[in-house]
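Across the two complexes that follow, subunit A remains constant while its partner is subunit B and subsequently subunit C.
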Partner chain A sequence: MTESQFDERYRLPPYRMDDPGTRKRSRFVADQQRELLANLKRRPATIAFFEGLMDAPLQDSSPAVGYFCNMIPTELVWALGARPVRLGCGNPALVQPGEEALTGDICPLAKSSFGMFMDPESRANKCAAVLMPASCDAKRKLGEILSDYKPTFVLNLPPEQDAHRYIKAATLEIERLAGFLCDVLGRRLSRSRLLDAIELSRRRTAIVRAIQELRARKPAALSIRDFHLMIQASFAGQDPEAWLREARRALEEAELFEAARKRLRPRLVLTGAPIIWPNFKPLNLIEECGADVVADTLCTGAQSCFDPVVYDEKSRGALMRALAQRYVFASACPCFISQGVRTSRVIDLVEEFKAQGVVNYALRLCQLFDLEAYRLSRILKSRKIPFANIRTDYSLEDTEQLRVRLEAFLETIMEEK
Partner chain B sequence: MTFIFETLLRYLEPFSSGILCLAVLFLMPLLLDRSKPRILRILIIPAAAVAFWLLYRHVAASAPAARWLGRLNSPLFPAMMILVLPAVYLSRGRLYKLFLLLPAAFLVLAGLAVVHAYRGVPPGSGGFYWLLIRPSFLMAGAVSLAVLAQPLASLKNFRRVVRVLAFIVLMYGGFMFRQDYTDYKEMLGRRATPARDVMTISETTPVVREADKLLHLPGAPCRFSADGGYVQGCNMELWQRVMQASILKVRARDVGETNALACATGSVALLLVLSFAAARWWCGWICPLSSMGDALNGLRRLAGLPHLKPAEPVKLGMLLSGLSMGTLGMALAKCYPYLDGNGEFMGCKIPIYPFCKICPGQQICPVASRGPAGLQPLPGWDWLFGFFRVAVIAMVVLFLVSFLGARRLWCRFCPMGMISGFFNRGGMVRLRKIARKCNHCGVCAEVCPMDIDTVRSEMIDENVGSFHCVLCLKCVEKCPRDGCLVLELAGGKVTESRFDGKAK
Partner chain C sequence: MITAGIDIGSTTTKAVVLDENAIMASLVVPSGNLPGQTAVKLLARVLEEANLSESDIGAIATTGYGRRLVEIGDIVMTEIKACAAGALAGEILGEAPGERIHTVIDVGGQDTKVIALDDAGDIEDFSMNDKCAAGTGRFLEMLAVKLELSYEQFVEEALKSDTMLQMNATCAVFAESEVVGLLARGVAKADIAAAAHNAIASRIASMARRVGQRGAYCFVGGGARNKALLKAIETTLNHPVYAPRKAQIVVALGAAIGARKRSGGKDGE
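Now for the complex of A and B:
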């Protein structure tokens, strides 16, 4: 048995809040977003499938393992016969209960995620374990709090993305995570099943890349909101083969789309903090203002599936290293001392997809993304790339304010063009 | 038929010149520069070729000049210019499909050449002589095969195709691809005479053998492959030849010695052209020793064992010992003119190709190409007081261990590769990294069989070639970001990293 990361002497009984009102409010928020999306002009016929995945109940056929962030090697979970469920929560209705229990001064993502754990009927509480990278202070401490609810593993990350210096440490951490999962699930990790799982996620990467490439050519073929919905549906812990099949169908359908004439909507690259279903507020705003997001670097968007796990040798150690390389060193998360991946990715996307501007979504109370926006804006401005920063949280209070700002930004872009 | 082939070969001879190949490579950036007028870009190479052809025919009218020009010819160059360069630069469209007719035609031509050579077999002595084929046709045929295979194969499999083709030609070419029937018979005759003592053997007879001329290749096409191998040997063999030349005899106008030195000089010039054109790419794609080593490496991978990651001092140690072994071999080769009838100099018995005697190629290549019958006797204890016996065993063990356990650690030792390594930066090939596309995942460093970290860590300088890089393109093959790593030849893109693993 791997040693627990948490102090066993101070275990607490989980604090629950069985409130039907909150549950109802959170369902209402999701339904509202669904209605907004239903008004989209073009949607793939299979989109109902993806929408259905977002709140489909977890089947009991195999255990579910909850995880946060884009730095948990979900391949390990698949390889052990369990299903990874991404728990990072975007539901504004759950912010308040989380805030009441914890504090107001942490980011809404952490608060609403904890709010989800407090509800005994939520999918978070159906998971056999929770995995969480120590990617920010909120996550680090939330891990300890959640360890009262579920067997929890907090994945330590190196402070720098220097593979030469930290690859050994990062690989050891991944090994430790694998050990934890094996213990919790009572299974042994087999190399061939890990290879199958890697292959599975590579297939998802291929489809996501194909859709992104298609959207670069004709963004009107598929709304960015539907694209993100599809991607996030693949984190919902449902049958991956079904997801792949439906995503391929959606891609084929979008491929057939031909715009009547060239649309001259501004093309934007979206970067910044995660945008999680059902809080698609920034995406709604951008599309409603008449711009297209042609590419993004969000860890809940295309970036989450963009980089595949690459292996050459098939020994266990080499596979673990390959996981560390993909999930730690190729990560675009601002939690590292220096984050060149995201900056160069944004610059590259602007060039490759001929975008006219960059929008940064800074989630209020996330210091990491907020601070990075300062340098990012100066770097982009020095390269003559228009940049706008949207700082907001899950609430809808500032929607109109943001809309005015965005419209002004889009106007300046179109003038420059 | 004979007439057609002879005429073809005679008129195409200028196109097999290394000088023309070099000129074409130098003109290539001009052709690829889209800012230049289109007509200039299209005409520049044909104009240069025609001009060179006329000049060549004119100069070759004088016999000594023709001899020197002939030394700079190689059957590789026509194949390289007519097949490889277009295959590298043409974009993959309809035009390319049209172009593929050319290699197909060359294959047919090579087939016809074989049929033609079999017609030359005197009646009544019918039998199987493998493929009797002239070197230029064989090279064109082999290159055509590779060009035709490329669109079908991923980068990984394409490399395999090239390596297998090169391996067959260089290891088994000695008996498989003899020039014609008489050449084949002569080869059989040499085979019948019992092998001379391994320490005094002076000449092997490769297939590519013309009067006044030698052909060496970078990488390790060993002359000790079965029946003399296909070409004269590797560049270390050539440097030994240069060292062996006695300056005193040349000064005394000894005809034989001068001629030998001239042949070697011509081959050096050729070798420099080849190294300049492709640097250590020869190590990564052609070298038969490393192909065998990779097979050993494959055994380890099959067993699922991890490879050793040698520490920096080990890598440096390999480099230094390779350098010192090479230097020692060269220094001992210098003794050749002073050897007495007993093979001794100052009371020390020294073989005439001292470096070959410690190179594992001499032990491994004969066995690989002829089976157990090719096993070479070990040097006796009297050869330079046992040094050669100990060194050769140590080298073979080092070769096997480093390829079995540490991927291509051996190639950090290899002095042959070091010489091409000087051309890795500043030569015609360039490994380029578009750093803004890099996601820092470090896969390039992880898969690099030479254990080079430059490709991963370099973020400022676009040129990420380094001395030890063998251009195996494993990093390009595995890089998950499309277009992040690019291989360039003469300023034009050859291939780039792609998620789907395709070569082009």
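Now for the complex of A and C:
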């Protein structure tokens, strides 16, 4: 048995909240977002499939394993015959319960995610275990808090993305994660099943890249909101083969789209904090203000599936190393010491996708993204790349202010054209 | 060409009818709870004042937070763009500072903006207050009520004081309790009123520094009519600030100018 990371002497009974009002409100929020999306001019015929996955009950045929962030190699979960379910929560209705139990002064993502665990009926509580990278301070401590609810593993990350210096430690940490999963699920990790799982995720990467490339040519073919919805549906713990089939269909359908006129909308690169269903507020605003997001670096958007796992040989050690390279050293998360990975990525995307500006989504109370905005804005401005910072949380009260800010930004971009 | 600009703000709605380089008529009314209807009525009234009918108007632009609430406009623009255009129209306002305007400060009822302009008068950058009423006209109005002073008295009192008390002004509601605390400690109303103005001025100066503080400064919006606020801003920026007499209608004027530009073929779509 892997040794527990938490002090067993201080285990607490879970703090629960059985509140049908909150449950109803959180469903209502998702319904409102669905209604908003229903008004989109063009959507894939298969979009209902992806929307359905967002709140489909987890099937009992195989165990579900919850995880946070974009640094958990979900291939390990698949390889062990379980379903990875990404638990980072975007539901504004669950912020307050989380705040009630923890504190107001942490980001809404952490609060709402914990709010989800407080509800005994939530999908979070259907998971056999929770995997949490020690990315930001909130996640680090949330791991310990959640260990009272579920067997929890906190994945340690190196402070710097210097693979030369830290690859060994990161690979060992992934081995340790594999050991934890084997214990919790009572299964053994087979190398051939891990190879199959890597292949599965590479197929997802291929589709996400193909859609990204298509949207760069024809942004009107698929809304960024539907694109992110599709991506996030693949994290919902449902059948990956079904997702691949439907995503392929959506791609083929979008390929057939031919615009009647030249697209004049400003093209933007979106960077910053995760934007999680059903809180698509920043995406709604950008599209409503008349701009296209042609590329993003969000860990909940195209970036999440963009890098394939690349291995040089098929030994277990080489596969684990490949997972570490992909999940730790290619991450654009601001939790690492240097913001170089993200900054380079943003600049590359602006060039590659011919974007006219960059919007940074700073999630209120996420200090890491907030602090990175200071340098990012100056670096981009020095390169004459127009930059706007949108600093907000899950609530809707500042929508009109943000709209003015975005529209004015787009006005200045269009005048510079 | 005659054009009109309507600035539908959170507190007041402003309309300007513009003929070449002269304001033919302008009006300011409270926005009320149906700002869309207010704007429609205001347009009719301002046209009447100018002795015009709607068919005389070449183009109408709407701006302000209610810019999309009405369908009377031909074009919609943000108040950032309108504000910059209006502030630079010294020849129409009939007054201008001695040097080129590089920073425009707009204090409205619901938000505060600082806009940086380049030498050509194009928008270089801008900053807006975060959500909530802190740093806005409404913040001062609320504190005046708390001090049991009319708004005019509140401004007069602030001008009398030479003190510089610390007040936070990050939250309008908490500021009220801060005021209650100061009153309980026997602090003079004049000093509290000055503290409130200084707190807002200091926030505005921060915003100005963020977008690259550079004179001349132009101060517009309803807040610019407040002499105590003007003085406080001049102190924190350590620079004279120009507030046109028609400060409140500058954004509506900018919208009318924008409408003319747009329909005149230049910048047209």
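Brief remarks follow.
Please note the rule applied: the second predicted complex is superposed on the first by the 417 of 417 C-alpha atoms of A that agree within 3 Å, B and C clash if a C-alpha of one lies under 4 Å from a C-alpha of the other, contacts with A are read in each partner's own complex, and residues count from 1 in each chain.
To be clear about the criterion, a residue touches a chain if its C-beta (ideal position, glycine included) is under 8 Å from a C-beta of that chain, and two chains touch if they have at least 3 such contacts.
Keep in mind it's a predicted model, so treat the numbers as computed, not measured.
Within the superposed three-chain model, A:148 lies out of touch with both subunit B and subunit C [touch as defined at top]. Legend: residue contacts after superposition of the two complexes on their common chain; A:163 is shown touching subunit B, with no touch to subunit C.
When the two complexes are overlaid on their common chain A, residue A:183 makes contact with neither subunit B nor subunit C.
Legend: residue contacts after superposition of the two complexes on their common chain; A:348 is shown touching subunit B, with no touch to subunit C. When the two structures are aligned on the shared chain, A:209 is found in touch with subunit B, with no touch to subunit C. Between subunit B and subunit C, it is B that contacts the larger number of residues in subunit A. Applying the stated contact rule after C-alpha superposition, one finds that A:175 touches neither subunit B nor subunit C. In the superposition on chain A, no contact is made by A:253 with either subunit B or subunit C. Within the complex formed with subunit B, the residues of subunit A that make contact are 161, 163-164, 167, 191, 205-206, 209, 307-308, 310, 312-315, 317-318, 321-322, 325-326, 329-330, 332, 340-341, 344-345, 347-348, 351.
By the touch criterion stated above, subunit B contacts subunit A in their complex at residues 301, 304-307, 435-443, 445-447, 453, 456-457, 459, 474, 478-481, 499-500.
Those residues of subunit A lying in contact with subunit C across their complex are 391-392, 397-398, 400-401, 404-405, 407-408, 411-412, 415. Those residues of subunit C lying in contact with subunit A across their complex are 65, 77-81, 111, 122-123, 126, 128-131, 267.
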